[in-house]
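Letters A, B, C and D name the chains as they come in the text, with residue numbers starting at 1 for each one.
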């Protein structure tokens, strides 16, 4: 199968998938919080575009609602909130020193391959496009987790968390043309509440440890120190 | 009818526990009484005043305690009756109680084996309930509430009785654990002492592990059959390996409760700290229930015994018997000494049971019946005399507030009645002729001597060696109990506690042990009474009875045949009385030789003091030297020096501690192992959220990799 | 009739016991170049003691007072079990060899208690040592006896001896070992050299004497008599089990007479051997006794194994 | 069906009511009433289901079958009794100044929110909504964990939030895969409905479902507290207010397991292999053993019991993994008795901690002498959770052991080891707390121990005899899950 044989819609989707994956990689290696947030917003925007594309080409009007929700939440509200935190905490000049950055990036690349490997059995029952889209979204998810593991800032964790959601969302839209509307609304509601709660938590953590470094949250453990 | 008696016994013991709970409900009872009177004013005046009398603040606790023990005693009596009636009737009664799992109601079965153990429990419980009221009076209600003691005693007895009635694995385990848990609370009763807490913990832990082993044992059987009822389990067709595994599990489980070496450590910890009448029940009866379990499991459920199992039991039994008595000898604490001695006796029982299995597997069911009979008889006897000794120890503790044998002495003059009872106990447990302990030991020897019928050379040489070990055990037991009686009752008193001691006033506290002592003697002289009953058990369980138990008439005991061995305790008694009487009469007839009391000879040093007497550790010193590898001995002599150049000795202190090997070699490593393991495993919980995310990530990757 | 003979035999046993002790003493004196007392000196001692007023320590309780009677009667009972001049007597059926060992245990139990009763250091020491030695001796003895009982497949002494008798002369390696074991045990149990010295009152070596230090008068007489009985009993056991010839199998006067003569002759010879041994051997330290007794146990075990492997192998 | 709507409606009203009304002195009691009414509604619902069998609402949005209706009643019951306990407990916390009115308002509102989420997880017919509700439960409780605003509680809440969030996201991916498999054979709107999926389970693509199940298991498994995904659980349980710990341990974990079991049923139907079962067994066993070992290292009383929860959830997961009627029955029974016992224990633990003024176990001593009811409650509760008869936990553990013996005999060995180690770990800490002389500076407090008594009495009842209707119920649920019944 070659890409020129596919229709325009599929080509576009695949391009989007590549771009979304790229943004994930960009986030993974990003030490500056503000840029991280910006890339995250970009990813959200790509997602919105994908949704609109899907809604338009598949003539699936309820996906427009999803697109609006994504735009509002992931492109505007959450980046705005995170940015405000960063500025308030005066962290926008900090660069987080990432350990083993190269190894992490290579690991990320490996994860992408792994995603294809894992999802490979699916190819028998569906098209290659689906496989690609699912694999990309799975790797976005895994990269999000890797982001959380490798970054120490709570804000980076939130970004990672949300980018996992992005990956899921991408999968839902591309592979299944969107979940049933109730579910979509529910998920969006949860994301909203989660975002609000994150805001509350930043405040609490700041007041309690005067920092947003999650490595300092280590009082509860079972190790003899 | 029989079943009714058995149920009554269970219900009464349960009820006695509930009655105990009333202790703190006096206010409610008063209110209820008031309400009742108001509602039925016609009740006669006398009745009313009697009720009011009973509920009076001071009398109420005493009356209630008595009532609880009366009900408990009734339960004991009913248990004895139930046991006797099933043993004589030789029936098998089954029933179902609609409790338990929806597809598995509680199955009940009452046969001769259960009946025999009912008898043991009944006698012990009756004696204890005579003894109890006097004993518990010394507890302060605020610190040691009677409600707890009464409730759990009742549950404990009910649990034991239910174990005997159970006819399916589930019901059996419930009853079994009820027994364990109830006795756990009794061990922990005086929980302000760290020793009690430690003992209770150890006890419950081992009970739990043992119970799990038993469950798995049942599980193995259930795996090869279609249900959990004993009937189904009996029909399980097991391969040799699986049968062996089932046996090993059952042995572990029941052995833990029975206290065979090396899983005996809870006994000497738990028995000393429980109230004495409870230790009497635990040591005298609960261990027997474990034995019941093993017999039921091996002889009844597994059915097909293998001779290798017999060898295992024989070896374990021998080790327990020797180990138990050697450890007992070194104990300064009376009750832990008695506990170790229980280990010894259980060891003897296991030995004989092993012999029985060996004979069974080699196709000599009659000799197997002999072995089973010896084992059951010893179990019965041990229940009697160990109960007696624990109750005696309770009296001593009650009067002197001491359990350390080294602090006693000379009590024979202060407590003459107790001393006679205790002496009978000591003589029975040392298996001296004329007392019941001897009969069972004699039967054990007889069983061992039948080894000639076997073809296997290993067995033929192994069994006599274990018989000799049994002889050594008996001799050591005699030495041990000479020490016990001598140090406690004879000589001069070694502490002021014993100076002040006096005979117990409460009649019940003497009546309980007297009952047991009387039975010890009775069955020592007329063992045929009980052996006849046990024969029925063997008949029902193995389908084979003793061939010739009364060939020479009822006076004689000739288990195999009159040509092989016989013993006539009544004749021996008559002979002994004759010999003693004649010599007594002959020597006392001259009035000029009336005995004269004089000062004890003191080698001219002037004045014997109690400290000059042999102490416990001095008495056992030769044994310590001879068997010194058996214990971990920590012996130190400290000298206080003074004078010029510190050359004069001012004082010498002797310090001796003797420990059990199993503790540092079996239990400590396990405990350390678990702690180390916990420490190592604890490292996964680092407290850092990124590590946790890493786990989640790694698990996901791993799982995806595994399935694809 | 049988019962009468049994009772008479037992009485004879009891009456003759001091004689053996006297004879042994005589032999020893001859061997040690001393002037010997009369053979019946033990009778005189017993008689004299029984006429003396017993003096009892203040500390003593009733245990101390009844112990001599119990010890004596238990030993007498043990004596009734052992065929002395005749086999097949009914008393043997009322108690077998295990019960006999039980009687010894009974006697020892009270002896040890009596030793502890007065509350002196000596009493305690004696009891402790006595119980130690006897606990080690008992298994060895049973090992030896079991060899016999397994050969005869009965624990009834009378029947066992009759079995050996009827078999005629069979050379059994197991009996050699058993004989050796039983002899060693007998020496230990009766308190002879090298385990104990009945003639000494040296504090540190006493065993038996330490326990009965406080006894006097008739009490002492009974205990002495009992220990003489015990000596004789072991002698009879050894003599009649391993060399049963001469013992009466029927109850005719002639047979019984021969039986008496035979056993007296055997005992006299045994006593000479014992005297020689006691003269030649020195007393052991207390803590070497265990080695001595474990050797006895080993012999007993070897006897048993040789019975199983060599004689009854299947 | 009205009953089902009622069950959902009442807590919804509760959220709004408590959020608007603000905290008053009788809010605690009102909370009890809300939960009480809800309990009645669930009982009504249960009776309906018992009489009519499975009910599906007209829009197919809700499905009540014997499996979930029993969990609904259990949820309502535990919620009710916990709210009884919560009233005096929270009042005491306010008295000693640990909490303010505002936070109590949040607490009560979120309590209802949590209950709503739980009911929604159980009643919904839509696997997607199930996911949404599960996430909702996290969101509702996360602020309650940090209710005291101590550094530790904030740390615990943050971990809870992030770990469960990430975990649940994986479950969403699983759900998407499930949907993806479902749309291939059916229409889009109804594809995620359980009733549809279950009917067509055989036609679903097995490969996709297998991968999906891994995500589901890891996602919902984080909520169950399966090792090594459990790390949030002890922290969240120990730092939140005790009534919260009681419901988290007694309900949330159960519901997560419910979700996994529902998915397992689908996967089993699609793949006809025991892959899902093996995975569950592995995770279950691992959690069981690790938690049992870690019990030995605890210093905080609530942390101790949260590890015990992990241990028991592990056992249940293991039992569901074995499959077969006996193990499934055992697991269902264990779910019930564990919820009842564990929430009872948390109630006593809460009181004990209030009594001593700390959760540190080394400071809690001599409870039986200080306040016998609390001491005995804790002791008997522990005896019960440790699996001693005649309490119900024993019955279920007995059945699990026997089922294991039947199918995988060698696995009984680690199981046995784990039970022994766990027991020792619990008791070595509990004994010193309940026994001994009373500490001088500790006084009895006002405590409401009725919930404890009722729970333990029920567990005792279940241990002695399982009443007919309940047995019927269990066996129907067993039939549903494993395809046959042990009866």
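Structural remarks
Quick note on the criterion: a residue touches a chain if its C-beta (ideal position, glycine included) is under 8 Å from a C-beta of that chain, and two chains touch if they have at least 3 such contacts.
Note that the structure is predicted; figures quoted are calculated from it, not measured.
Chains that touch both chain B and chain C are absent from this assembly.
Among the inter-chain contacts, the highest number of C-beta pairs connects B-C.
Set against the C-alpha centre of chain B, every other chain centre is closer than that of A.
Distance between chain A and chain B, defined via averaged C-alpha coordinates, is recorded as 69 Å. Mean C-alpha positions place chain A and chain C at a centre distance of 99 Å.
With centres taken as mean Cα positions, chain D sits 43 Å from chain B. Each chain gets a centre from the mean of its Cα atoms; for chain C and chain D, those two points are 78 Å apart. Along chain A, residues 118, 121, 145, 148, 157, 214, 217-220, 222 each make contact with two or more other chains. Residue positions of chain C touching 2 or more other chains: there are none.
Annotation for chain B: residues 679, 682, 684-685, 689, 693, 696, 700, 704, 708 touch two or more other chains. Under the touch rule stated earlier, the contacting chain pairs are A-B, A-D, B-C, B-D. By the touch criterion stated above, chain A contacts chain B in their complex at residues 114, 117-118, 120-121, 142, 145-146, 148-150, 152, 157, 214-215, 217-224. By the touch rule above, chain C contacts chain B in their complex via residues 50-59, 61-63, 65, 69-70, 72-74, 76-77, 80, 91, 93-96, 98-99, 101-103, 105-106, 108-109, 112-113, 115-121, 123-125, 127-129, 131-132, 134-140, 142-143, 146, 149-150, 153-156, 159, 213-214, 217-218, 221-222, 286-287, 290, 297, 300-301, 304-305, 308-309, 312-314. Contact residues of chain B toward chain D in the complex are 98-103, 143, 170, 173-174, 177-178, 180-181, 188, 191-192, 196-197, 200-201, 204-205, 208-209, 212-213, 215-216, 218-220, 222-223, 228, 674-675, 677-679, 681-682, 684-685, 689, 692-693, 695-696, 699-700, 703-704, 707-708.
Those residues of chain D that touch chain B in the complex are listed here as 158-159, 162-163, 166-167, 170, 210-211, 214-215, 217-218, 222, 227-229, 231-232, 234, 275, 279, 290, 293-297, 368-369, 383, 386-390, 394-395, 398-399, 401-402, 404-406, 409, 412, 416, 419-421, 423-425, 427-428, 431-432, 435-437, 463-466, 468, 471, 474-475, 486-487.
Residue ranges on chain B touching chain C, taken from their complex, read 409-410, 412-413, 423, 427, 430-434, 438, 442, 445-446, 449, 451-452, 455, 457, 460-461, 464-465, 467-469, 471-472, 474-476, 478-479, 482-483, 485-487, 489-492, 552, 556, 562-568, 571-572, 575-580, 583-584, 587-588, 590, 592-602, 608, 610, 612-614, 618-623, 625-626.
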